[in-house]
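Okay, so chain A shows up in both of these, paired with chain B first and chain C after.
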Partner chain A sequence: MMPTGLEAIASTDLPPLTRQRPRALWAAAAVIGLAVLLPAGVNQYWMQIGTLAFVYWVLIAGLDLIIGYAGQLAVGFVGLLAIGAYTASILCEKASWPAFAALAAAGAAGALFGFLVGLPSLRLKGFYFAMTTLGFSTIVTQVALGWERLTGGGIGLPGPIFPAPLDSPVGFYYLALGMALLATYLLRNVAFSNFGRGLVAVRDAEVAAEAMGVPITRLKLVTFTLSGILAGMAGALFAARQTYITPDAFTFDLSVLFFIMVLIGGRGRIVGPMIGTLILTLLPEIAAPLVMWSNFLYAVLLLLVVLIVPGGIAAFLERLFVKTAKGEGLEAPAPERLNAVLGQHASPKVLTLQGVALHFGGVRALDGVDVAVWPGTVHGLIGPNGSGKTTLLNAVSGFYAANSGRIVFGEADLAARPSADRAALGIARTFQTPRVVGNLSVLENAMLGAYRQFTTSFPAVALGSRHGVIEDCAIRQRAADALAAVGLRRLAHLRAEQLQHTEQRLLEIARCLVMQPSILLLDEPAAGLSHDEIEHLQALIEHIRSLGVAILLVEHHADLVFQVSDEVTVLDVGRVLAHGAPAEVRINPEVINAYLGA
Partner chain B sequence: MLVTILVAGIAIGAIYAMIGLSYNMMYSTSKVVSFTPGQLGMIGAVFGAWFIGVLEVPLWLGFLGAMGVAVVYGFFTELVAVRPVLKSIEQHLYVLTTLAAALMIQQVVAIWWGTDPRPFPTLFGLGAGLASEKYWLPVVACFLAFIGLELFYRKTLWGAAFIAVAEDAEASRALGILDVRIRVVSYCLAGFIGALAGFMGGQLLLAFFALGATLTFYGFVPIAMGGIGSNRGALIGGFFLGILQQAANYFVGGVFVGVVTFAVFITVLLLVPRGLFGSAVARRV
Partner chain C sequence: MPTLAPERDGALLMASDLSAGYGAIRVLQQVNLSVRAGQVVALVGPNGAGKSTLLKALSGMIPKTSGTVSFGGQDITRLTTQACGRLGLVHVIEGHRVLPSLTVEENLLLAALDQPASARRARVEEAYRVFPEIAEKRHLGAGSLSGGQQQMLVIAQGIVRQPRLLLLDEPSAGLAPVLIARVLEVVAAFRTKGTAVLLVEQAVEKALHIADRVYVLVHGRIVLATDAQSARAPGVLERAYLGAAQPS
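Up next is the complex of A and B:
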């Protein structure tokens, strides 16, 4: 659905844009056509089932972003459905609002409560968060039951009635279909954007997401808000379809049903959950004799899906239709491609650490360290295991807070800044154990590096902003260049988890380069590399330096460090043991004694 | 009035505290927070009422029967919903599998027992009014369970093995402790403790299929307050919540008991995510 003219921006050596295959477009068109024609072919009963599936899908599209993409186990979404349903019904019944205004108000109420439901997710994980959402959905029904003056209590109240011709079953069917298409459009736009990648990164590799500057708090909350809007509007439609609502309509079982619809479809996919929604809406109608057991069967289904087919329908379909991508192996890196990647990179900045100390309980991991890293230079940081090298990187990138001392980058004192903001200042880092987002492609992983440079807002992206698409293409191109620079170009379409360990290291470097950083912190990039690969790495580091980037290199390969560095600092038990030009440090007797050996 | 709030609050609180002990028991050996403790309470109440009230078996036999069902269910939970997902615990899949296990038993009971609450038989007929057994039985049971667990952990070899597995399952395996067996036993024991809450509190709670969901939530609030793994915290949190709910029930009305509970729950979780007696946060990088 991307405007075809934009394809031209993407250069020819990019992997195909798998998400916009013509075949997928035809399939989508066929499904929509079928849905439009359905009322002509079936009786009213089946049409209303179809309506219900669309209404559910409006909610599921948002829930998929929460469960599938963001990985948050929100089991209480029925609460948001209820809030939307009651908001719309009360406004129509007690305040005589027109139905469409009530629908919008339901969306607004959903946004507010979606935001509130999302708040605990910032601090709580797994069961704890699931329990808050479960508690929330319980409270909503209790309030609906108790606040009789407004909600009619257990007796309930009539749902909104849309103006003719939307009040007829056929009319309402098309309204629901329209809303479902809108929800799909929003979901698709977010899912394949910068924000969708950010969500998956938060889900699968939270630390890496922070290091790339993904503002986790804001991203989670805005996603919860969007899914709240969808759930609230789904609630208004749900109330209109039921024609009359009582608290009984919003039992926890419905929440479980929603959850299974996403899971059975496949988390973090779009078509899968859509099929899941359809199947599970139809199932009770087909298996009518089993209706008494339906909730039991949902529970069994939930268990089976998690244990046996964790990938859901989507994984199954992909096995059928998507040719398994095979790697064509590494190729020689092309550092000259870096010029395009780092072209307009940020102003050169100096990193200075002054008297930085950091304790873990009684252990002084860093004990008053002074280091300065200059733009366009490589600063080697060596020392025995446990001397504080990685701790120093963590203090600079914000994963640990220093107990005393100052860390200044350019003009900015880093003390109070969270990791994600430090990334935005131009501090990029790799990890000792590569942290890549396994479920994203290699190219998408690299694109994550530019997360903070993406300027289009979340709402604009959700609504299909053309500017956002153009930006995305530019970042895609830059990521492809960065992959070429490190030699991963031919593996760009693989999922990152399919890469070997050493390839993942290179991917991390590429991801950092896409950030266009002012300083690059490398944590043992040569570990596990072959002799040839280390030579490639050295050439790459030298080329990055030549483009004005500062590099802080933590490494055990002494040869590499002494060859490539302009300055070397040796740490020992958290203190600077020696510092100076490589040639001096190499012959320093204390360094030889403590680290290098004779 | 104050006395009524306190007596009823402490009784209900004791039930929540026992559910909390059940949470802790499962958590200690598997590091899984399960959705099933409330269902264990429901089993204790419903099967207690069935054995004693419907089948009219002797008291002790009815007690053993109800406990037995819960122990089997605990065993089933470990086997079906916990063991298969332990390897990938960081994905939190146990949230879904234990939720599924909880819903399964709830639906089976709903169909077999019916969806209306039924009375739980009087057990001993001791005491009347505020001194009635329905108020003090859960409290006695709760303290017996708490003290029993303390003695078990401190005085028995099995208890020591439990602590070893709770501290570090892999290291204890290296010592020759069969951590899988310990885990299975802990889930059975958790079944017993959870069902004890429902059985002893049955006269207050009634025998009702939906009890499970309520107890799962209300029994977790003390855990959130006290910190998961702390039995003392569960006890204190349980009594606090019980009294708070009774007070809320009296002053603002029954419908808002849940709202007040939820408010406390969220506040505590956001202010002290690890609970008042909880352990420190692990390093991430």
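Up next is the complex of A and C:
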């Protein structure tokens, strides 16, 4: 499907994504080299600590996806570690399974319980969700304590023993190192894929994620499942390293430790949490006499990091090694680049609203509205503030459900479809207050538009599928073309939060175009734009129309609306006040009175 | 160019050689600007010129790298935004930033917190007279207002604080044309009460119509400072915009 992908990569003049930084590759090689050589240089005690750090990292790599990328406050991950540890130990001890089979089973158990732990996150936010995970970890330790026949209760049971040569301290060190590398590989693959971008979007701009068609429920659950697998396998390794496990090993303190490892490392990063894991594994060993104070010390450390470098160790490293990206300013938009973006866009579809009504309590925001928007035309929607224009866009894009009436798009009745599915049907929208993902680059924000067009599955991406990488490059090229079309090309490498308000509006339009939509809903795209910029915007809108896309334009710049629209509908208190050709509407006395002013 | 010097006599706000930016990025370069009591001053220029940044630097939202700002004869260069607000320098920022979970009225009362308790109610009623649209919704959550209504609420929050100088950033963004006219009338009416306004506005013609004085900011520098009447003459602003775009 993407034979041109590779040529596109070769010819692209884009700034490289993080995964292609050669210096980072050298640094990674050096760290791995050091880890491989470590057993030759230190005594067994330090090697054991190294092993423990690797085991923790296997869990933290998954937890970073949950806390760092998806922004879900999961504090009870020790529960998943315990499930992995007990699954592997019980299978080895009671059923005489080989250790590697038990390791795999621990991963499977982790997957199942990771999924279950993730379920409440679909409904609960922030601390409410954190409490459920805490409850989960408490339940797990209580069950381990009470189910004596299986778990040995308070006496515990021996952990799995891996076959020689992995049963020696050095052998097990290398096994743990291998697993840690595998976990890092999975984390990196997901983090730099469209799934990673989708997770950050869910964290920072959930509404925008929904509008781009990110299936939030599925994405969260898949991510919880993957982090469950890693936590479960970490549990099996943990049990093997301890050689004997009791419920005492899985304390609340350990849960807090995991949480802090990610936070001081810097959420949503890879190297930061890795260093966080290393530091917090070493700290209790170095400060062994202070063990009673451990929670106090973690708290102080966390406070210090948050106060001095709020972004954690990762932000500190970036300040040292990454040059501050400077904006080179807007350039004139190049609408002709749109041909490449919208080249093979979805089939033309008509949007029809029939008698749509929507009320909030007693307030009738929409009161029987009829509107039709045809492919290849611009439909202007104007009206006084509070007349229901944005509500209408929300009803079409699925953020509000209409109380009565029908909204039909092409063949599809939109009544029962969630926002994310409407995006997949080809409905793209911008927001009155721009919703960009502040922590992603401008280019990555634009790439989010194509979220639903990726065909590579989550597991394949995590395992480094080549097809996924090629797809990613093709979308990257399309996103770059869309940025050029709106004039943001030179700002592609900035973080989106560094853009000005007006530039963020243009970025939203670019993101919508990357989606290759059949209809584009624009909510006040010209607000805050200068005279010249409005002319550029008009040219852009006209070009998009010429490629067969339908456009519904909500805007207060009357000149722009009347010049660019083929049809204009005027709303007032939720009803259609006037509808027709721009020239007729403009001289309608009621419209002048209610909206335009003398 | 004699027009570049700010008017020094009787200035309510005066910025001298003001530079500011974000981290290593320098946005404003030695800006000189003054506003007299009861004067409406328009600050215009292309997007990205640094207009919002200038307002933020004046009201203490971002630190200044050099230069001084005085207000009513007092040095406010290092004051916080809150301290500036208490002195009567009130900044209405761009974008609809209201507290969505509080009602419209609570949003206004909160803004009036600096005022004497006995006067708060009267200030809020005054704001309602200016924007009857939000008076109707006084007991609804501010988050349920439409975008344009939130914009009215934000401006109303500025009004209730009884400013001596109001910094208004793009007040017309998101407002219907009839309302833009009304907001600008309100701004013009401040003058009669002795309140000064520094107005950033993309609807340049409309802004010039009510302004007494105009500053043109391009690439972080003031390239023209003149009275509004001469700025309305054909070609004056265009030359100012373009002149700065080609470094000589």
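As a working rule, the second predicted complex is superposed on the first by the 579 of 598 C-alpha atoms of A that agree within 3 Å, B and C clash if a C-alpha of one lies under 4 Å from a C-alpha of the other, contacts with A are read in each partner's own complex, and residues count from 1 in each chain.
One rule holds for everything that comes next: contacts are C-beta pairs under 8 Å (C-beta built on N, C-alpha and C of every residue); 3 or more make two chains touch, one makes a residue touch a chain.
Quantities reported herein were computed from a predicted structural model and do not represent experimental measurements.
When the two structures are aligned on the shared chain, A:L34 is found in touch with neither chain B nor chain C. By the document's definition of touching, of the two partners only chain B reaches A:N394; chain C does not.
In the superposition on chain A, A:L290 makes contact with neither chain B nor chain C. Of the two partner chains, chain B is the only one touched by A:K125; chain C is not. Touched residues of chain A were counted for both chain B and chain C, and B has more of them. Residues common to the contacts of chain A with chain B and with chain C across the two structures: none.
Put simply, chain A touches chain C in their complex at residues 324, 326-327, 329-330, 360, 363, 382-387, 389-391, 432-433, 500-502, 524, 527-533, 556, 558, 594-597. By the touch rule above, chain C contacts chain A in their complex via residues 23-25, 46-48, 52, 94-96, 133, 144-149, 151-152, 170, 173-181, 202, 204.
Those residues of chain A lying in contact with chain B across their complex are 73, 75, 119-120, 123-128, 130-132, 134-136, 138-139, 142-143, 145-147, 207, 252-253, 256, 259, 263, 292-293, 295-296, 298-300, 302-303, 306-307, 310, 394, 399-400, 431. Those residues of chain B that touch chain A in the complex are listed here as 33, 35, 80-81, 84-85, 92-97, 99-104, 107-108, 110-111, 213, 217, 220, 224, 253, 255-256, 258-259, 261-262, 265-266, 269-270, 273, 284-285.
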